[in-house]
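Per-chain numbering from 1; labels A, B, C, D and E assigned in written order.
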C-alpha cells in the first residue's frame, strides 16, 4: 500500500506541481492517475521512489515513511516503467532486464537466466535476449521495460505513460497484455497516463487530476463515465462529445456502433 | 479528379514500392489510403505532384497527364501537408504560410494579410504569425502546415500522415477540425495514414493497401468495418478484436457501451 | 697511436660506467663531425650517447655548460663570439688561444682541426662579374638594393647585416631562409631573390654552383676552425682520441665529407664510418 | 629511393621516436578531458570557464606553446616532456569540449531510467554515462589523434627528433625524398592511430555496430 | 612567471616595434597573409562543399580527403613546397591552403547536409526550384556550420602562419624564429603572445559572425544563443 499524506511539491523555480494531495493506492490494485499535461502526475509518481522529494507531507509505503529509507535501495526495490521503455541503449535486452539484480550483486549468469524467464513472461521471444534496444520495435522495447521493472520482483510498480510512444494498435495490444499480466502477478501499481481511454482500460480505479494534482474524481471507469463529478471531469472523459455519444446503425445486416460524427467504432455483439 | 492509371514504381535500388495500381480520387472527396509501413502509400501520393516519377503508368489530373505539366508549377498548384508540418524553421509562421503566393509574385504585404486569414481559418490565433515554427506546439505546427497548403487555393490537397507526430488527444481535435474545414472548402483530398481509426474518421472512402500498393479493399468506413473483404482487411481494421466487439452495460441507470475487455467506450444515445 | 691508447682507455670507459654524451648542431656537417668523435670513441670502448641535431648554439650551449652534454664539435670564431663580445682576435691561432682563455670553468677546448667551416659572403659568378666584386668591400660598387639571405639568427649576429653596415658601411636588406645556406638559399641567389648569402666555406655547393666567395678583408668573420668542446667527463684518453681525429681532419676532408652528405645523400653515421676506416681509426 | 635505402634505420628510429611522442599526449589528454568534460556537461557553473579556457588554449600557436611551456613548468626546452605536455594541452583544448558534448549527448531519459533503477552516482558514471558518451568522445579523440601526430613534426624546428626531422634535414640538404618520406610516414602513423581508436571503440562499444546499421 | 614580465616588457619596448622585429608591420603582414589564405580557401571550399552537400554526390570522397588532409604535416608541406618553389610567399601560401581547405570544405558540406531532409523535401513539394531551395533554405540553415568551418580554418591558419617565416620574410613568425634561434625567450614569448592575441581577436570576430548566422538559421533560439556566447 502506498499512501500520499498531504504531499506538496514546489520546484525551485517556484512552480507548484502538487498543491496538496492525499491519496491511497491499495495493495494489489491498479490505480490510474489521469490528467492533462502538467497536472502533476509525474511529480506525484516520482515521490514514491524519491526521484522527487516532497516539499511538505509524507509518502508512506506499507506505513513506513520513504524518507527513512536509502534512496538507491528504495529505487531498486520498486519497479519503474517509463515512456519508450527507458532502456539503456548500450546494453542487450537481457542485460537491461538484469540491471537491478546485477547492481544488487547477483552473478551475471544467473541474472541472465532469470531475465530469459521474464522475457517470456511479458510475451517476448527469449531469442531477442542478445539484441540491443534499437533493434526492437517500440512495442517490444516497452515489454522489455516491463520485464526490467519486474526483475527484482518488487511489490510496487510505477508506470509513467509507459505506452505513450507506441502507435495505437500496438498500444491496445500492450494494454491487454498488461491486464493479463496483472491478473497473474497482482502487484500494487500506480499508473500515470493522460489518455483517459488507457486509464479506463487499465485502472481498477481511476483518479482524475486537475492542475496541481488536485483530485477531481476517483472511482471505477464505468462510474466516472456514467456519472462525472463535475464539468471538468465530464469534459475530460469527453462525456457528451461526439466521440462518447454512440448510436447503432445497421450496415450490411450488422449492427455497427457509430459515434456522434458517424464514425464507426465497432460492431455490436448480439 | 485524380486518376492513377496502372502506375508502377521501382526505385533505383530495385525496391518495387508500387506494383501496379489503378485508383480514382473523385473531385471534392476525401480518399484515405491506409496500409502498414512500407506499403507504398507515400510513393503513390508523391506521384501526383511529381516528387516521384512512376516507372510505368500515368497519373492524370482532371484528365491531363501530370508529365505534360511543369513540375514546379504543378507543385505550387497542389497543397501538400506532411508529418510535423515540414515548415521552414527559419521563416516566421506568416512567411511559411505565404511561401507559395510570394513565389508566385504576390506582393508580400497582401500575401501576409491572406496568411493571417488562413491562420484563423485553421483555428490559429493570428497573433502567432510572427513566431517561428519551433515556438509552436506540434498541433499548432500541423495547423500551419495545412494553412500553407491552402494558401494558393489549390483544388487538390495531398496529406501524408499529417497528424502522425502529435499526441492522441490533439490528433482527435485536429481530425475534427479537418472534417469541419473540409465540409467548408470541399477540396479533393488524398490522405495517407497508417492509423485505421484516422482513416475512418476522415475518409469519405477508405482504400486499404497491401505491400506494393495493392488495393485490398475500397469502401466507406462502415462498409469496411461491417464487411471486411478478407482476413488481411479484417485483421487490419481489428474486426473481431475486443476493441471492436462492443456490448451494452447499464451503469447508474445509463447505457454504457463497453468493449470486449469491459472497457467503457461511450454512452449510448437514446 | 690510437690502437695502443685504445687498449689502455677501453677499461676506463667500461669500469667507470660513464657514458659520454656527444651532441651536434642541427646542421648536417656538424652532425658528421660529431659522428666522427662518437665512432672513434666507441671504437676504443667508450660508451657514447648521441644527442645529435639539437639546434643552434644558444639552445645547446647552456646544456654543455651545465654538463648535460660532454663533447660537441664547435667552431673557434663563432664560439669565441658567443663568450666574448667583440673579440679583437681574427686569425686562426689567436682566436684559438683566446678561446681557450675564454672557456668557462669545467669546459676544455681540445685541439683545433685544420678544417674550417667559416661563414662567408657569396654571390653568383654573374653578379660578381657585373659589379666587379672580389672583396666584401667591393659591394659598395653595387648600385641596386641588396638583399642578404641567411638563417634568421644572422639578422642580429655580428656577421649579418648589422656587422656589414658597421664594419664595411654597406646597408643590405635581409630575408631569412632557414636552411643554413642550403639549396633554397642557393636557389634564391640564382633566381635573384637575394644577391648575397651567408654560406659555409666547407659547403660543397660553392664549387658546384660556381659561386664566388667575397674576401673578408676587414675580418668580419673570425677564423672558424672545427674544435671540440669537452666536459670534465672526457678524460685524457678520450681527449687523445678526439685530438687524433681533429688532427686528421683537413680542410679538404671536411668538404669531401659534406659533399657525400649532399650528393650521395648518405646518413652522417655512414659517411663518418667510411672516413674513419680510411683513416685507420676503426678495425 | 637511394636516400631511403641508405637511411632506413634512421627513418625507423625517427618513426619510433614519433610514436613515443604521439601516444602519451593522446592518452593523457583523454584521461584529463573525460573528467573535465563530465564536469562541464553536468554543471552550468563550470561549463563556461572550462570550455572558454580550453578553447583559448587552442588559439595558441603550437610553436609558441613549445616555447611557453618550458619556463612555466621548469622543463628544458628540448625535452620530450615539453613536447608531450604541449601536445597534451592541445589535445585537451579539443577534447574537453568534445567530452562535454559527449556527456551532453547522453539522453536525459536514459539518465533518468538509470536513476530510477537505482544506479548510484558511481555506477551511473561508469555503467551508463561513459559508455553512452563513447561514440561522440571517439570522434573527438580521432581528431586529436590525427592532429597530435601531425603537430609532433613541428618539434623538429626546436630540435626534438621525430619524423619532422626528415623535413628540416631534407630541407637543409635539399633532399626531396627525405621530406616525402616524412610526409608519407606521418600520414601513415596518423591513419594507424586513427584506425586503432576505431578498432578499440568497436570492441568497447558493441552496440554501436547494430545501432548504426539499424 | 618572471619570463612573462620580460616578454611583456619586450612587447612594450618601442625598439621592438622598429628594426628587424617591427611588430606593427609584422602584425599586418600576418593578418593579410592569413586573410588571403582564408579567402582563397573559402572561394574554393564553400561552393564545392555546398554543391556536394546539396547533391549528396562525392560525399565519401570529401570525408576521405578532409580526414586525410588533416593528417598532413604542415611543416612537411612547407619544406617540400619550399624546395620546389623557392623562398617567398608561394610555398607557405600553398601549405596553409592545404591546412585551411579541409575545415572549410567539411563545414560547407556538413552544414548543407545537416539541413533536415524533410525540410528540403517540403520545400520541393510546395514548389521551390532547386536554386530557391539552395539559396533560400539550405544556405541560410547551413550558415552557422559553414561559418564554423571558416572559423576553425582561420584559427589554424593564424597560428600556423608563424611557420611561413621558415621560408619567407613575413609575419609574426619572424620575431618568433629570431628569438628561438638566438635564445631570446622574452622575444619568442612576446611574439607568441601576440599571435595568440591575434588569434583571439579573430576568434571573437568569427563568434559574432556565427551568432549572426545562428540568428538567421534559428531565429527563435538566437537570443538564448547570444547570451551563452556573451558569457563565454
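Note that in this section a contact is a pair of C-beta atoms (placed from the backbone, for glycine too) under 8 Å apart; a residue touches a chain by one contact, two chains touch by 3 or more.
The UniProt protein names, listed by chain, are A, B = ABC-type quaternary amine transporter; D, E = Osmoprotectant transport system permease protein.
Quick caveat: nothing in here was measured; it's all calculated off a predicted structure.
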Partner chains shared by chain A and chain B (touch criterion as defined above): none
Other chains in touch with both chain A and chain D: none
Chain nearest the overall Cα centroid: D
From chain A, the most remote chain by mean C-alpha position: C
Most distant chain from chain B by Cα centroid: C
Cα-centroid distance, chain C relative to chain D, in whole angstrom: 39
Intercentroid distance (Cα basis), chain E paired with chain A, Å: 54
Intercentroid distance (Cα basis), chain E paired with chain B, Å: 48
Distance between the centres, which are taken as Cα means, of chain E and chain D, whole angstrom: 20
Multi-partner residues of chain D (each touching 2 or more other chains): 158, 168, 171, 174
Interface hub residues of chain A, defined as touching at least two other chains: none
Shared-contact residues (touching 2 or more other chains) in chain E: 82-83, 166
All pairs of touching chains, each written as two labels joined by a dash: A-B, A-D, B-E, C-D, C-E, D-E
Footprint of chain B on chain A - complex, ascending: 164, 167-169, 172, 176, 179, 194-195, 197, 200-201, 221-223, 225-227, 239, 242-249, 251-252, 254, 256-261, 263-269
Contacting residues of chain D [partner chain A, same complex]: 107, 109-110, 112-120, 123, 128, 131-132, 134, 205, 207, 210-211, 214
Of all residues in chain D, those that touch chain E in their complex: 48, 51-52, 55-56, 58-65, 67-68, 71-72, 143, 146-147, 149-150, 153-154, 156-158, 163-164, 166-168, 170-171, 174, 176, 179-180, 182-183, 186-187, 190-191, 194
Contacting residues of chain E [partner chain B, same complex]: 116, 118-119, 121-129, 132, 137, 140-141, 216-221
Chain C to chain E touching residues, read off their complex: 56, 58-59, 62, 149, 151-153, 155-157, 174-178, 183-184, 187-188, 191, 193-194
